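Every chain is named by a letter (A, B, C and D) in the order it is written, and numbering of its residues begins at 1.
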Amino acid sequence: MINVSILGGSGYAGGELLRILLGHPNVHLKQITSRQFSGQQVSLLHPNLRKQTNLLFVHPSALAVCDLLFVALPNGESMKIMKSLVKKADKIIDLGADFRLHHQEVFEKWYNLQHRSPELLKKFVYGIAELHRSGIEKAKYVACAGCEATVSILALYPLIKHELIKNGVIIDAKMSSSQAGLKPSLSSHHPERAGSVRSYMPTGHRHTAEIEQELKINNERLEVAISATALDMVRGLLVTIHTIPNSKISEKDIWKAYRSEYSQEPFIRLVKEKQGLYRYPEPKILQGTNYCDIGFEMDKTTNRLVIIAAIDNLVKGTAGQAVQAMNVMYGFPETTALEFPGLHPI
Amino acid sequence: MINVSILGGSGYAGGELLRILLGHPNVHLKQITSRQFSGQQVSLLHPNLRKQTNLLFVHPSALAVCDLLFVALPNGESMKIMKSLVKKADKIIDLGADFRLHHQEVFEKWYNLQHRSPELLKKFVYGIAELHRSGIEKAKYVACAGCEATVSILALYPLIKHELIKNGVIIDAKMSSSQAGLKPSLSSHHPERAGSVRSYMPTGHRHTAEIEQELKINNERLEVAISATALDMVRGLLVTIHTIPNSKISEKDIWKAYRSEYSQEPFIRLVKEKQGLYRYPEPKILQGTNYCDIGFEMDKTTNRLVIIAAIDNLVKGTAGQAVQAMNVMYGFPETTALEFPGLHPI
Amino acid sequence: MINVSILGGSGYAGGELLRILLGHPNVHLKQITSRQFSGQQVSLLHPNLRKQTNLLFVHPSALAVCDLLFVALPNGESMKIMKSLVKKADKIIDLGADFRLHHQEVFEKWYNLQHRSPELLKKFVYGIAELHRSGIEKAKYVACAGCEATVSILALYPLIKHELIKNGVIIDAKMSSSQAGLKPSLSSHHPERAGSVRSYMPTGHRHTAEIEQELKINNERLEVAISATALDMVRGLLVTIHTIPNSKISEKDIWKAYRSEYSQEPFIRLVKEKQGLYRYPEPKILQGTNYCDIGFEMDKTTNRLVIIAAIDNLVKGTAGQAVQAMNVMYGFPETTALEFPGLHPI
Amino acid sequence: MINVSILGGSGYAGGELLRILLGHPNVHLKQITSRQFSGQQVSLLHPNLRKQTNLLFVHPSALAVCDLLFVALPNGESMKIMKSLVKKADKIIDLGADFRLHHQEVFEKWYNLQHRSPELLKKFVYGIAELHRSGIEKAKYVACAGCEATVSILALYPLIKHELIKNGVIIDAKMSSSQAGLKPSLSSHHPERAGSVRSYMPTGHRHTAEIEQELKINNERLEVAISATALDMVRGLLVTIHTIPNSKISEKDIWKAYRSEYSQEPFIRLVKEKQGLYRYPEPKILQGTNYCDIGFEMDKTTNRLVIIAAIDNLVKGTAGQAVQAMNVMYGFPETTALEFPGLHPI
C-alpha cells in the first residue's frame, strides 16, 4: 500500500486519476488539491464519484509528504514548483507538458515559454510504458506523454523500427472537447462547439515535438505533419496516419511488426476485421478504457499505407497512462485498476 | 422600404434577425450595433452571413434615427434606455423580457429587478401575432414573447378558449443551448453540456408569468407548472403539455378548436399523423423556420390530453416572431422573409 | 463458483450481461447463444470485449445444463420455451417482458399477445431488489423489470409508502435509442434519429402495467400516465415525474421518506445539490453504472412536487439489475461486478 | 416557366431537390415519382414540406413528358432506363453516379458493374458549373458530381491549374450519415452510428475516379488517395487535403490562384480568418446552403500546404449543384432558389 496524492485535482485529468485510483487495491489516496475548491467534496466537480468517496479537496499549500505525487496542473505550472515538489514525494508523475521534452530549447520553441526548471528535464522518463518500460521501472520521475503524441507514437513505432515506411508522415487527428480542459470559452460554448468539424490546428500542433523526440527514422529526424480537427465528441481521439510504405512490403510484414512489438502488451489491440461494424479502431467504444487500438489498410494502387489508431484521451492519453506508469514503477501488475473494458453500445 | 436598425447585434437573436432581414425586400438595414465589436464585420460573429453582407457593427452611441428599431439586449437592459430609444425610432420591437409583462409588480417578482420604465409597460403590445394581430397592427411598440411562453401559449390558447380542458396544466419543456445566449459558462461548456438531459429548472420558470398573463381560464388565473430540461441540442424547443380534458370532449372537438383558431394562420401546422416517422411535432425539422407545429394525443383510460408543440426558439421564439410582428405593423405580407421551409434530414 | 449461461447473447442486453459477468469472480460463464452468429467470436457483435474473452456464440439448440440461466430474448419469445428452459437450469433470470406481470389478462391486454406459459407467471419474482430483496433471495425464477418501470417505481415507491403524494402521477420519460434493441429500422436510421426529440409514445406506454402492479396507493390502483420522448442519446433514461403532494408535507418529509427506504441501498443515490452543474440526476454520468439517482424539487406556489430520476437503461434498467438479482439469489455481496462508478466528463 | 419532374423522389436527394424547386420562380414542378409511396403526400417522407405543397408521389410508370427531368435514383439504376428517359424530356440532370465518368471501363472498374448505356456516356457533361459552365450551358444532359468529388475538385482545381502543388494529394474526408441514403442498415443504426468516428473507407473511395478525370497535373494522372471517416453528423462534408507545395510559392500565390478562378463565383467563399471561431470552413454553418467554403494553411517547416473545404453534401454536393446546373442550362440567374444563407448557431 502506497500513499498517493494528486496535485491539481479539479480538472478532467485529476478527476479521471481519482476515479481510477479509488479502485486501486495498492493505493491509499491521501490528498487531492484544489486552490479554488478546497474544503469541498470532490464530487462537486466529479459527480460520478458520489457515494464512491467522501474526500474533500485540500488547498495545495496543505500538501503533505507522500510516496507518489501525481501532478495534474495546466501546462507551464509544474515547472515553476517542481523543485519544491521533489521534496514532498519520493516519486512524481507529471501529467502536463513541462517535462516531456528532454531539451530546454525544444520546449521553449514549441511552448513559447521559458523553462523554469531546465536542470530537472533529464531526470524525467517519458511515460509511455510500451516504449520505456525498463526506464520507468527505475525512474523516480515520469512525464506522461500528450494524448495526441501517445496514440501517434504507439501507431508508428513498430513500422519505423521494422523499417516499413518512408520518412514523411501525415497525421490527421480527430479530437474531442475534453482535451481542452475544464475552462469555458467561446470555442467550447455548446452552441458553437456542438456539431462542429473544426480545423482548429491545421498545422503546427505541439505534440509534433514529442513524436520527433521519440521516433527517429534511419537515425534521422522523422518528418511529421499533424492536422487536428475538433469534433462533437467529449472523449476520444482517433488518428488517421497517411504514410508511404517501403516498396516491397506486404500486409504480412506489417502484422508481423505490430505483433512482434505488441503481442505481449496488455493495452494494445490490433483491430482489422473483415466483418462487423467495428472493423477498425474507434474511440467510441474505448471510453473509460486504457486501450490503444491500432489498425491499418494498404492501398497498392496509390502506394499508401493508412494507419488508424484510437484511444480515450483522458485514460490512455492521460490518467490511465499515468497509473500504468505507477504500476510499472512499483511492480504492481500493470493492468491493476485499469481493467474496465469499455461499453457498447454507447 | 423602411429603414431598420438593430440594437444589440452580436448575440444569437441579433444574428438571426440580421439573417432574416437581409432577405426582406421591404427593409433597408441601416445599422446594427455592438459595443464590443464596433467597426468589425458582422460575419465575424455571424459566419453564415459571409458574402451576404458587408455591414460593420457600429457602436450603440452612434445609433441614428430609423423607422423601426429592433432591440435585442440582455434582459434588464432595454428598460434602462427605452425612454431615449423612443426618440430614435417611430416603432420599436423589443426581443427581451423587459416589456412583456404588463404589470410592474409581476415583472419585479419574477425577475427580481426593479423596473426602470414602468410607465412604458402599458404601451407595449405582446408580440404573438396569432393572438394580438389587430393590436400589433396599430402598435408603436411590441414586446416579443419568450420562446417557452410562445410555444406554450400557442398550444394552449384554442383549448382554453373553447373550454376543452380543466385548470392545472403541466408543461414539460425540452430546451436547447442557444436559449442561454452567447456567453460561455461552465454550464454551457461542451464537455459538460454535450449529452446532457439536465433538469435545470424543475420548477419556477419565469415564462410562467407570461402564460398566466395571456391565458385566463374561466376568467381565473391559469395554474401552470413548467419543468424545463436542457438537451444536447443547439436550436429548438419542444413542449409536452399534460392536461386534463373536460369530461365529454372528443378528439374531434380538439381538432375543431385548433382549426377554428389556426386554419388561416400561415405559421401554424397541426401535426398528428398515423404513419411516418414525424407523426408529432419535432424541433429537428423546424430549424430556421417560423413554424409552430402542434399535435396532441388523447388517452381516455387515464383521462389525459397530451399536447405536443415545437418551434425554433430563435425564429418563432424570437427573431422570426419579431419580423412577423413587423410585417403586421407595416402591412407587408405576413410571411415576407419568413418563407424558409426547413431542412430534412438534418 | 456457479455455471452461468446466457440465452440470446447477440443483443444489447446480452452484450451488457456478458461485459458484467466477465468481471464477476463467482461466475463461470459457460455458454452464450446466438442463432445467427453461432460459431463466431462474441466480440464480432460486442467489440468492447476484444481481448477480454475468446468465447464463441453457440447455437441455442446446443444449450447445456447450467446453474443459472439468463434469458435475453425479444418480448414474446421466452414464454414460448420457458417450460423447457426450467429443465436446463436450477435458476432463471428473464430480462424480457414475458414474466413481469403476474396476471395473464394484464399481460395479454398490454402486449396484445396470448400468453404461452400462464401457469408459470406466479413463479416469477419481480426483479427490483430494492423492493423484493427477500423474495428474490428465495426465488428460483426472477423477471427483471422494464427500464422505464424500474426508474419510475424506485422514484415513487417511498413517496407512496409514506403517503406523501396524491393519486395521479404523470411520468415524462426521456428515452435513448438502445432501448429499442439491435434491429435497424427507419426510426433508428441515423439521419432520422440524430437530433430528434420525438414524441414516440405520448400515451399508452406498456410499462404502465408494471408500475400499477408494483405500486398501490391507499390500496387502490395508482393512476399513472406516461409520455415518452426519444432523444438523441444511446444510453440512459431520465424521468421527470409530476405529482401533487399531500397538503402539509415539507421537503424534510420527502428526504425522510427516501432516506428511510434507501439509506442502506448500495445503488441508490439522492441527488439534490445547491451548487455545481449536476444538481439533479443525469443519465449522462450513469453510463455503465448500476446506480439509480433520485432527486426532487417542490413548488409550494403551484402545489407541485417534481421528482427526477435517472438510470442507465442497459444496466440498472436491464443487465445490471439482473446481476444484482443473481447476487441476491446466491448470497454474493450485492455490488459484486457492479462497481463501475461511471465517467465524467463523457 | 419550365415543366420539371423528379424521377426518384423518396430519397434524401429527391427531397432536397423538391425543397429547392418549390422556391424557384421559373419552375413548375410537374411530377415527383416514388414506386413505393405513389399516391401519398410527399410530406410523408419529407416532413419539412408540410404546408409547402400538396403534391402526391406518382408511380414512375406514370411519368409524363416534361422539359427537364431530374433523375435521383440509386447508383446503377439510371443507366438501365436512360434510353427511354431521353424520350420523356428535352433535358436531363442525373444526380447519381452512372453518367459521371466518361469512360465505360473506368466506371466498370470502380463500380464493379457493367454499364448498360455506354453509348450515352459521352453525351453527359460533368455537372460542376465552376469548371464546366459553358459546357453545361449547351448541354442537354448533365451528370452531377459525387459530393466528395465536388468539394475536393473545387478545392484543388485552382492550385493545380496555377501549378502550385506537386503530384500526390491525400484527401482526409469527414463524412455525414445522409450520404448513405434513406435505407436503414446496422451501420446506420443509431446506437452504432451515434458518436462514431468510423474509418469506413480508409482507401479505395470511388470518387477518386471523378477527381482523376477532372484534374490532370502537368498533363499526367493526378495521384489521389482518399481516406473517408464517418462522423456523428447528418449533413455536411469536410475535406482536409494534405499537399506538397511547389518550392517557391507563398501564401499570396495561393490567394491569387483562388481569387483568379473564383472571385466571380457566387457559391465559393474563401475562408481563412485571423480571428473568430470560424477561421476555416465548417460544414456546420453550411447546412441548407449551396456554398463551397475553401481555406488553407501553409507550413513552411514541414513543407505542407493543408487545404480545408466544406459543403453541404445534399446541396452543393447533390441537389443544389443540380439546380445550379439547371439555372445555367436555361439562362436563369445562377443563384435562383439557392439563396438560403445558412444558420448560426446550429
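Simple rule for what comes next: contacts are C-beta pairs under 8 Å (C-beta built on N, C-alpha and C of every residue); 3 or more make two chains touch, one makes a residue touch a chain.
Note that the structure is a prediction, hence the values are computed from the model and not measured.
Within the contact network of the assembly, the step distance from chain B to chain C comes to 1. Each of C-D and A-C has its own count of C-beta contacts, and the greater count is at A-C.
Relative to chain C, the chain whose mean Cα position lies farthest away is D. Per-chain Cα centroids separate chain A from chain C by 36 Å. A straight line joining the Cα centres of chain A and chain D is 39 Å long. If you average the Cα atoms of chain C and of chain D, the two centres end up 46 Å apart. Counting partner chains per residue, chain A shows two or more touched chains at residues 12, 178, 186, 191, 195, 232, 234, 277, 282, 345-346.
Taken in their complex, chain D has these residues touching chain B: 12, 15-16, 19, 22-23, 44-52, 178, 234-235, 269, 271, 273, 275-278, 282, 285, 287-289, 291, 293, 339-346. Chain A contributes residues 12, 177-178, 182, 184-186, 188-191, 193-195, 232, 234 to its touches with chain B in the complex. Listing the residues of chain C that touch chain B in their complex gives 170, 172, 174, 186-187, 191-192, 195-199, 202-204, 223-225, 227, 229, 231-233, 236, 238, 240, 242, 277, 279-284, 295-299, 302, 304, 306, 308, 310, 345-346.
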